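Note that the chains are named A, B, C, D, E and F in the order they appear, and that numbering of residues resets to 1 at the start of each chain.
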Amino acid sequence: MDDAKPQPISRFPVPALDELPEDIRARIAAVQEKAGFVPNVFLVLAHRPDEFRAFFAYHDALMEKPGPITKAEREMIVVATSSSNRCQYCVIAHGAILRVRAKNPLIADQVAANYLKADLTPRQKAMLDFAMKVSWRAHEVAEPDFERLRSHGFTDEDAWDIAAISAFFGMSNRMANVTSMRPNDEFYMLGR
Amino acid sequence: MDDAKPQPISRFPVPALDELPEDIRARIAAVQEKAGFVPNVFLVLAHRPDEFRAFFAYHDALMEKPGPITKAEREMIVVATSSSNRCQYCVIAHGAILRVRAKNPLIADQVAANYLKADLTPRQKAMLDFAMKVSWRAHEVAEPDFERLRSHGFTDEDAWDIAAISAFFGMSNRMANVTSMRPNDEFYMLGR
Amino acid sequence: MDDAKPQPISRFPVPALDELPEDIRARIAAVQEKAGFVPNVFLVLAHRPDEFRAFFAYHDALMEKPGPITKAEREMIVVATSSSNRCQYCVIAHGAILRVRAKNPLIADQVAANYLKADLTPRQKAMLDFAMKVSWRAHEVAEPDFERLRSHGFTDEDAWDIAAISAFFGMSNRMANVTSMRPNDEFYMLGR
Amino acid sequence: MDDAKPQPISRFPVPALDELPEDIRARIAAVQEKAGFVPNVFLVLAHRPDEFRAFFAYHDALMEKPGPITKAEREMIVVATSSSNRCQYCVIAHGAILRVRAKNPLIADQVAANYLKADLTPRQKAMLDFAMKVSWRAHEVAEPDFERLRSHGFTDEDAWDIAAISAFFGMSNRMANVTSMRPNDEFYMLGR
Amino acid sequence: MDDAKPQPISRFPVPALDELPEDIRARIAAVQEKAGFVPNVFLVLAHRPDEFRAFFAYHDALMEKPGPITKAEREMIVVATSSSNRCQYCVIAHGAILRVRAKNPLIADQVAANYLKADLTPRQKAMLDFAMKVSWRAHEVAEPDFERLRSHGFTDEDAWDIAAISAFFGMSNRMANVTSMRPNDEFYMLGR
Amino acid sequence: MDDAKPQPISRFPVPALDELPEDIRARIAAVQEKAGFVPNVFLVLAHRPDEFRAFFAYHDALMEKPGPITKAEREMIVVATSSSNRCQYCVIAHGAILRVRAKNPLIADQVAANYLKADLTPRQKAMLDFAMKVSWRAHEVAEPDFERLRSHGFTDEDAWDIAAISAFFGMSNRMANVTSMRPNDEFYMLGR
């Protein structure tokens, strides 16, 4: 078997940290402090500072807010959506975050392969069914979808959250695939 | 034929303008001054102020920046993407903007129905082919796609723009479909 | 933005009116008198007189006969079918006829973009659901489809009508796409 | 194994021959004289005399006219199209006609199962590739499709013929599936 | 119409009988004695003796064992699966076996074209619905699928049988398509 | 977040080791000795001893034979195929084997998410492109597919190997999904 060389982290130019605007550098420093490394998505998107700012503002509005959907469950939505969009970066990076947040070393690989066979509650499967419908057939979303979510205890505000997370990461998946964004090696072992 | 009642502008609560944070009210006032009415997307998304701010910051970063892809061409990307996602709000609202920006009363309906048969240049069709690939098969985007764009005079930065617009409106289409966002009546005649 | 030249009305030869057989000329004169212009479908299909005659005989048998499905509703079937087949000519031409027949300037663009979000009655949506199943999965049509139509007040004869209109325009959509049939400019503003 | 009862020839009422208009009776008598039995499509569609007349006028315009595409080749288009639409009546009835016209007892079953593996010339496979594109992706038909046909000796008029036969039988397939049209037992052994 | 030459029975080398290992020769001799000819699948797969042995051991374990699903019904699963995978060899060869086992000259062509319109019992259609789900959406198979089978009298062991037959012939279909395996002429008339 | 209970290893009965035929017990003892645990596929399939024997004979014929496609590359085919079929057991179990055989802790997660973005050679990507075509469009496999493989140094015998591995694991994926086969916890960390 020939050996393939590792791919670069982006097919686009990646800015040096010291060339970046102060606010972006600060954001990156903060995540590095917390995670111990800089996830490549920060470096790849920093190529476009205005888009970087909007992207992470949106991300935080959806992923950091409190609410009945736990942080681990939000990551399940990200992993299931990203797997259905075949986004290597997001499956691997958010798979790591899911393992950490759920304190479960098995769940990310299960959800990435087939959430229908994963160790999930019926409520979580209903949540992911809705996320998949938003990703693939949003034009058919209608009242019965909301009713099914309600039968599992989700409010309509929760439905917005699920939809928004799936839609936002659908965008993120597309940009990661177009930029050939490479997941950091550190993600693979996180939370195992 | 029975008559169907017009649908509401959102299946979620729509905030009153005077309940909104000052910056969002200002943004809405500005668009109203310019357009003569408030496009419903502003009212529907204002239900979530933080997401509203990130959404429009992202939108402006992609749609208002200068560059070789004209504003009319950017709207072509929006209309083609939104039609492929069957998003009523975006096809009708951005169809109107496309007519205005292209100063062409026919182009929006043509692109919405089938951009391959529209009055477009080969360069514009290549642009929309790439936007469609980003929307539906981004995981297969690779070097030959960039080469084809280059053969039509697009740089890799232009490719990022096309991809980002298609990916952002893919997200927007999903939220519009989930919220059942209704296009304002005013859009239908704009630019005809 | 470069300007694209308008496309011709057909990729096939278009006969001069005075070369056409008398009956076809008479049919075209009649539609011109009524509409004020000659819709391009008449000119494009006149390239094959025998097929022209059969096509319009079939069209009239389905679209002109009396019955409980109104003429506006039949045009809804045409627009929804044609949009799903991405037929520019039929979406734009029959969209115009739908606006006129429904006396509703908004309905055609709504149905073309996503009939599931259009201002339609539940009965009309059931009608279009059946038309879509005929267009895309006719081999699965079975008793439960007829039962659902009956629950909305449609007889089995109505079901035949819906199916036949969807099937006939499926054929028409394919021919319009293969001939690159161009909608007349007049259609765009009709009924708005 | 329980035995299933044979299905009726249509889920709609089938008229008695002596109730039919004279011209339709004459057409049916002629086909019976020639074939030795009345193919069920004549009886099923006779439920709607005006549609019957238009249907067979269209059929004859496409299938009986002289031209460089042989009658056997036209039946290949019908069988390949009908198989892709999963239309039992048309696969079995036109499979029989194909065997007779091609004087080849094997060809119909081969084309129905997978025309890409059938005993066909490259020219015939190109013809069926185009017919399949018309049936499933007509909105993408463009100049390169015509060029490929020309490289196999087909004129653009031939392309119209191939497209029209595929489009017409696409309609026929849908009506046969909706009516649950049953193929006559006689077809199964014809030409073997 | 040009005549196409018959295709060879495999795109891979086909071993001479006397070059084959003794056990494989014996198996082939036995089938020839019973059928009167050697079905090509034996010759094509004999190119790889170890795979040949495993293939037919698996085949016999599924198709020769006793049980409540009749041998004719097992062949229905094979024909429906093979038709959905567009495998010419398996549709034609197992269509012949189905006719023989069901003592019904019509059933194979019906099932190959569209099992939903074939002369089958509701129980048999439920069996084939499950086989199709296994072939195309096995990752979604879940408790409700087993419940539906039970409502038609199938045990869970029967469900395994149906799934295993559909899965095994899905493999067989792929190998037949990749090798361009040609059905013997003898199959076409068997059981008619 | 509610906690979901781990799923059982099969929805079918799992035999006790001491109830199994001697040859099957021996096979299981051998794998346990080598791996340190009994992969669940052995226990789940042992419910049907004859199918078990044929399955593993086939498996070994494809996966254990020498040849120019390395054992790590064969596992790449398994992981890419299993991921496209959404088979949790095979992605996780064979992902582990791939890591071990390739001595690369990253490759399995990359291939499972999107092999087009994985650290693979062009030859390996061509191998997986062919495996995917066999899995999803085998009826279209033709000479150009073999030519492309040859341009990367694969013989036609190698093409058979790739196809057979993809087809065999397509069967395995379907059985794992139908039985809800659960990957052993041990696989998740193997080779990382």
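Keep this in mind: a contact is a pair of C-beta atoms (placed from the backbone, for glycine too) under 8 Å apart; a residue touches a chain by one contact, two chains touch by 3 or more.
Treat the numbers as computed from the prediction; the structure is a model and nothing was measured.
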| item | value |
| --- | --- |
| Neighbouring chains common to chain D and chain F, by label | B, E |
| Selected pair, greater C-beta contact count between B-C and A-C | B-C |
| Copies chain E and chain D - interface residue numbers shared by over half, same or different | same |
| Computed distance of Cα centres, chain D from chain B, in Å | 43 |
| Distance from chain F to chain E - Cα centre to Cα centre, in angstrom | 23 |
| Per-residue multi-chain contacts in chain D, two or more chains | 86-87, 114, 116-117, 139, 177 |
| Chains that touch, pairwise | A-B, A-C, A-E, A-F, B-C, B-D, B-F, C-D, C-E, D-E, D-F, E-F |
| Chain C contact footprint on chain E (complex, rising order) | 114, 116-117 |
| Of chain E, residues touching chain D in the complex | 1-7, 70, 72-73, 82-83, 86-88, 91-92, 95, 102, 105-106, 109-110, 112-114, 116-121, 123-124, 177, 180, 182, 185, 188-189, 192 |
| Complex contact set, residues of chain E against chain A | 139-140, 142 |
| Residues of chain B that touch chain A when the two form their complex | 11-12, 47-48, 50-51, 53-55, 57-58, 60-62, 65, 85-87, 134-135, 138-139, 141, 146, 156, 159-160, 163-164, 166-168, 170-175, 177-179 |
